[in-house]
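See the structures that follow.
In the two complexes that follow, subunit A is the common piece, with subunit B as its partner first and subunit C second.
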Partner chain A sequence: MARWGMVIDLDKCTGCQACSTACQMENNRLPGENYQDVLYYTEGKQPTPVLKWFPRPCMHCEEPSCMHVCPTKATFKTEDGVVLIDWNKCIGCKYCMIACPYGVRFYTDEKPLVEPNIKDVYPGEGDLSWNPPYKGPQQDNAHGVGIQPHGVVSKCTFCYHKISKAPKGIADLSNDDAANREFVPACVRTCAPTARYFGDLDNPKSNVSRLISDKRGVRLLDHTGNKPQVYYLSGGAGPAVPSGRGGANKA
Partner chain B sequence: MNILKNILEFKISRRRFLQASGTIGAAGAAGFGGSKLDGFTTLSKAHAAAESPSSGTVVTKSICAQCPARCGIDVYTTNGRVHAIYGNNDHPIANGKLCPKGHLGTYMLYDADRFKGPMKRTNPNKGRNEDPKFVPIPWDEAFKMVADRLNVLRDKGESHRFGLFFGRGWGASDVGVNIVPFGKLYGSPNAPIGHSSICSDGSVLAKQCTDGNASYSSYDYAHANCLFIFGANYLEAFRPYNNNMQQWGYMRGVKTPKTRIIAVDVHMNQMLSASDRAMIIKPGTDGALALAVAHVILTEGLWEKSFVGNFKDGMNHFKTGEKLEESSFNEKWVKGLIQWWNTELKDRTPKWAESVTTLPADLITTAAREFGSTRPAIALFERGAHTHSNGVLNGMAIHSLNALVGSLFAEGGLAYQMGPAYGQAPAKDDDFMDDYAKNGPHTKMPRIDLKGHEDGYLMAKNMIQEVGRNHLAGKPYKLDTALFYMTNPVFSTANAAKEWEEAVKSMFVIDTSPFPSEIAMMADLILPDNTYLERYQDAPTYPFQGFPLAQLRVPAVKPVYDTRTFADVLIQIGSRIKGPTGDYFKKLESAENIVRHLAKGFADNPGDNGVKDFDSWKAKGCWFKKPYHWRQVRGEFFEWDGNGWNKPMKPEEVKEKLLKTDSGKFEFVSSYMEHKKDWILKATGRSAEKYNMPHWEEPKYTGGGDLHFVTPKTAMHAEGRTANIPHAIALFQPAAGGNKQAVAEVHPSVASAKGFKNGDRIRIKSSVGEIIAIARVTELARPDTIVLPFEHGHWAWGRWAKGRGSHVDEILVQQSDRISGMQNFYTGKVTVERA
Partner chain C sequence: MSTQQMKGPVNAAMMAGMAALVIGGGLALVNLMSSGHAAFNTGSSGITWGLPVVGYVFFVLTSTGLTFVASLAMVFGIKEFYPIAKRCIWLALVTLVAGFTCLALELGHPFRMLWAIPTSFQYLSPLNWMGLFYAAYMVLLLLKFQKVNGGDWDSSGSRTLGIASFVSVVIAHGTLGGVFGAMAMRPMWYGPIIPLYFLLTAAVSGAAFAVLITYLTYGNESFMPAKVKNLMKGAMPKVFAAVLGIVILAVVSRTMIGLWSNADGLQVWDHVVASPWYWIELILMVAAFFMLLNGGSPFFPSIMVIISLFIGRYEFLISGQAVPLFKGTWVTGLIDYMPSVTEWMIVLLAVGIVLAGWAFGEKSLNLAAEPAEK
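Presenting the complex of A and B:
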């Protein structure tokens, strides 16, 4: 069974946010509630200010603190390594949102970021919190896919409705692979500079494993022990932010 | 707000309600309340649906419409509903990828604020606070209303008082119908008038004046080892944005050696941040930087001898401040180098440029050496460099760098764009010219914008920004009827509130956008277009990589509302014009018929992807035929012979096909400008010695304040609609905007001097007006410059745009480059205070 993971090459990311909009449309996101966010930072002073950005999806941790704190076991890890929420079990207590060190979970019934409230323009029916006309055909509450019902937390699913249909044993899911294109997560598929890669971290022959090895992939806030399955590449040189991988720490 | 609400909640007739295809029409018409929407499943049912999400999904190959690049898109439709858009993998620009705007097309199709059908105004008073009181009318009645009006004008010999204004479209082709014949047959010099003078004509003229090609360039980034980017935000706004980013990933993460990037802009943005060398320049002074770079390239002997030529004795005699004998240099593919040096360049040192640009001289020297010693290299520029009074001069100086390093038509350099092998249109306009069309009063009339006129802009391509003031003054005359397609000059031209906005009050205005806008608020008739996911339309590519590429827009769904493709609307109006004009348009039949005829040209020229007729074009979404046919290799030109660039070209062939100047060379001293010498000297006040060569001229800053005011395009500028797309609003980027709001970047020193802080409301004033903005106090901005993106501050764009951001054009002074006619968007100066 694959253990899905993502590699993001920070040397190639242009901070364009196509990952965010592709995800918004694919996963019916509310404005500003981005499963795939890009964060921007400024430092320094004129005439040499620094502008930086950081693309941040859910890390789909090996040891997800969100899962461990969930009182109803709504958050769970699939056997192929993806952290999901079963909306049928979620009681919306938001404990997971506090436990997540990466800030990548969203509660349904927050005040809208952008007014007028889009949920009033496209009101939902029954349990659904809203109902955009461009909604995709998939709705799978047990895996947290589709439109959020009222009163639950939602998060990036690695486009579980896509990747879960990929052929078993495949090493990588890439837009370059015409036969398996439809199984690639939206953000990875659309990334124009090809800064995002998606594949099986447990397969040492996968492209994601090779990239992590060649360019010394690092994980965000590794000290928390969450062990993200999202790796970042930066610089490509030997010196890098120290980071443990798979239990092995110091060389 | 109530007025806008009235427009948006436009009452739909029962007939139209039934026409509106399926469920989405119902959602729109019924105001989204209560009614059950077919196609949506309940939660319990959805579990079953998830088993086979792709069953019944249709993928339509079409093209995007959110910037001029026209990326190929795969539109995913299930149960008649579009739910996803991805890049078309078989399209050379998209390659399966999209920019952030591309995905939002899904939203735009179902935008709750769309117009639902044709409407006419019943309130004769026009103004921001006047409810137009639109009422629905049938399409036939609308067509008749327009045609009757135009027929009366023609009968009176006043057909020139009809204007057709358009935004997107080059060669007026990707409108879906060639709109030039309308004016030609009906008889108006003002049909059409394009928007290029508020777009990017400065670069077109800079290239026309130097290498003879009135065009944007094609670029071979994949083989370039150095890019020097002036005021073209390659990673946010420059087209084709999607492909630029693909090239970026390749140049920066794959290619060996990694491409060196030097970037120039007026604030720290994503482009500068991602580059190797960021140059945060004083607005309007890019030309001075380019002149200093040229100075270094010459004095340090870095120019490409095989293209430019060399001193006869093989030594480098370029020494700062020293004049040279013209006979001492053998020029190869350039003309006027020594004259340019003696008259201008010899004193344009980095130290001099520092005093103009504020960039440190050592940084300029270093950048010049990097650019001058790395081949192939491209000097690329756009609006940031040329939307100033000295814009064409700046552009000529920058483009001259391409000549100095020999990158014109070279591998890893820049060239121009070939057109597609189209078939004949269904009718030929020349066959439908009646006596009026040939000799009517309109043939002696200047255009309303005085383009090409001695009193106006003799060398410009369009002057849409001055139509408002000319109409108000009645000089040269007043328009009677104006039709708008994908342009909103009431909002997007300088001093818009006092010129265009006033002018349209005394015109019969027809707007054709599917969406509400300022021009629609002033309209007498709304004839809403289909959105780009609902219509047929062809688009020869915008200059890309030179090889011909023709893209096809194919409807993914039937029109959601009672809207019609603009091309079909124009054909319907044209068909109702009396005489042969009507016959011509009847023969065109429809937008679909036109693209079917165009596709016939592919039979003899099948594309690389096998496209040979309409059906295969529709199936693939594009026709293309690589490669670009010409290449310059170390100072020799070759033509493609079917196998390679093997056929050497004679100088006269180079002149005819590539360097289209009088001399057949790249001209540092422009013969094109020399032909207009008297007019240029009079209109610009420039010296007879320098007027036709790249030289430094201080920009004429307008507005009278103490801070520069620059209004860039953002990465999220989806042909203007972004301002009303809530998802995009939530993603405004920090370098030119902010979360939920387009904000004004102001340096902390300004904020502290004026007593405001981050997030405060500020008042920005120029000599023509004032606007309120939200301050973002940041070190990204220069201490002498305020940066506030255009596109925002709409007053009739839809429910989300209303009152969000600031309308920058209200405080921009109406001033244009005398040569290109390019509106000086970035030349403003303002004062700022706490509001």
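Presenting the complex of A and C:
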């Protein structure tokens, strides 16, 4: 069984936000509910401020604190390493949003970020929060895929509706592989500078494993112990700053 | 004791409580039915747990503290506390219901919770244990009140229920502390001492409510029976002051360490102490402490401490989330938050439950009862 993971090469990322847009289209996200976001921030002060950006999906952690705090086991980890939410079991307590160090979870019922409220323009039927004119993936509440129902939390699924249909044993899901292109997550599929890679972290021959190894991939906020399955490449050469306390870390 | 002997504003409290229930409950429900939780000012890019959770923590910890006060007589055998023990148990039930109401209106699916938590049993989640032990506590408290209301104060069954409810609430409040204390990614909350901090603040909250309600029941000391008056002039303010003193130390030490440390996330303490509310909280506590030490009536100190504790709960809950995680473009400094009218109405509803519930108990359940002298 694969253990899906992502590598994002920050040296290649241009901050174009095509990934965020593709994700929004694929997963019917509204402004402010970006499963995949590119965060912009400024470092330094005048006269030498530097504009920076940072692409940030859900980290699909090895030890997801969001899953551990969920009192109903609505948040769970699939055998292939993807952290998902069962909307049929989520009680909307939002403890997972408190416990996620990366801020990548979204509650359905909030004040809209932009007016008019799109949810009012396309009101939902039944329990679903809205009814977009174009719907991407088939509704799959048990895996948190589709239109978000009221009163639950949602998150990036690594486009589970795509990757779960990929052939078993495949090492990487890449645009270069024409036969399997349909199974590539939307953000990876659309990344123009090919800054994103998606594959099996447990397969030493996968491209993602090689990139992490060769270019010293690092994980965000590694000290929290969540152990993300999303790795970032930055620079590559040169000594690396240890991200934890070495031997004191749990394996 | 019959209600005729009570000179306090029980009827007025009932009226005020009913008004708060109708206004708070009505407005909150109308807004929630029409807008859902969009009627809150909470958000995925902002404060996740808002004022209703503050209300929940405030009221359930008050319930915890009231059980501690009742347990002084019923578990630890300090007989001076018997005259207010039954009232404290009833109030513990009422404040627990008020807290649960706040939480239920904050949850996305409160009814789903009833089956999803027990059937899933995620033992790693502090919230699971909190739900389990507060539910057990509620049942035990109800059974204990039923025993006491039937005049059974000292049978082995009644004593066992008293001890069981005390133990369950000690664990329950600890698990509530764990909900926050386990959050390494929220440094203001993080730490193994948070359950102990909750225990102390719960105890002082219970003491303050026990004093306040006793004074409200009788009007003033001159109308109190001798035993109650002796308690309010003797042991009660001493216990109250002792715990309050430790709480003040805990608040100050948390502040000092928060301000001193450079750990990422603790910069929120600069913001906390820059707020006048922090100083109001601290000054009210310290002033109440010295008023209690001076031997005056504990009535005003109880009100001061309750206000102070509510500010403290708000500060703890909201400031603990004010340092953004990875919100980038959308939030550059600390997260701003101002509770919405709907959120305030939920707290008003909870206050209504406490006032009306207490007044109902006072009028119908003979809360002044105590065991017969042996």
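Assume the second predicted complex is superposed on the first by the 237 of 251 C-alpha atoms of A that agree within 3 Å, B and C clash if a C-alpha of one lies under 4 Å from a C-alpha of the other, contacts with A are read in each partner's own complex, and residues count from 1 in each chain.
In the analysis below, a residue touches a chain if its C-beta (ideal position, glycine included) is under 8 Å from a C-beta of that chain, and two chains touch if they have at least 3 such contacts.
If you're wondering where the values come from, they're calculated on a predicted model, not measured in any experiment.
In the superposed pair of complexes, A:Gly32 makes contact with subunit B and with subunit C alike.
Touching more residues of subunit A than its counterpart among subunit B and subunit C is B.
By the document's definition of touching, of the two partners only subunit C reaches A:Ala99; subunit B does not. Looking at the shared chain after the overlay, A:Pro132 reaches subunit B, while subunit C stays out of its contact range. By the touch criterion stated above, A:Ala22 is placed in contact with subunit B alone, subunit C being left untouched.
Once chain A of one complex is fitted onto chain A of the other, the partner contacts of A:Tyr40 extend to both subunit B and subunit C.
Put simply, subunit A uses residues 32, 40 to touch subunit B in one complex and subunit C in the other.
Listing the residues of subunit B that touch subunit A in their complex gives 23-24, 27, 32-33, 36-37, 40-43, 46-47, 49-50, 53-54, 57, 78-79, 81-87, 89, 96-104, 106-107, 109-110, 112, 235-236, 241-243, 245-246, 248-250, 252-253, 268-270, 272-274, 278, 280, 358, 715-716, 726-731, 733-735, 739-740, 747, 778-783, 799-800.
Residues 32-33, 37-41, 54, 56, 65, 68-74, 89-95, 97-112, 150-153, 220-221, 224-225 of subunit A are the ones that touch subunit C when the two sit in their complex.
If you check the complex, the residues on subunit C that touch subunit A are 35-38, 40-45, 48-49, 107-110, 112-113, 116-117, 120, 122, 124-128, 131, 179, 182-186, 321, 324-330, 332.
Listing the residues of subunit A that touch subunit B in their complex gives 9, 11-12, 14-18, 20-22, 24-26, 29, 31-32, 34, 40, 42, 44-53, 113-114, 116, 118, 121-123, 125-128, 131-142, 145-146, 149, 161, 175-176, 178, 181-182, 186, 189-195.
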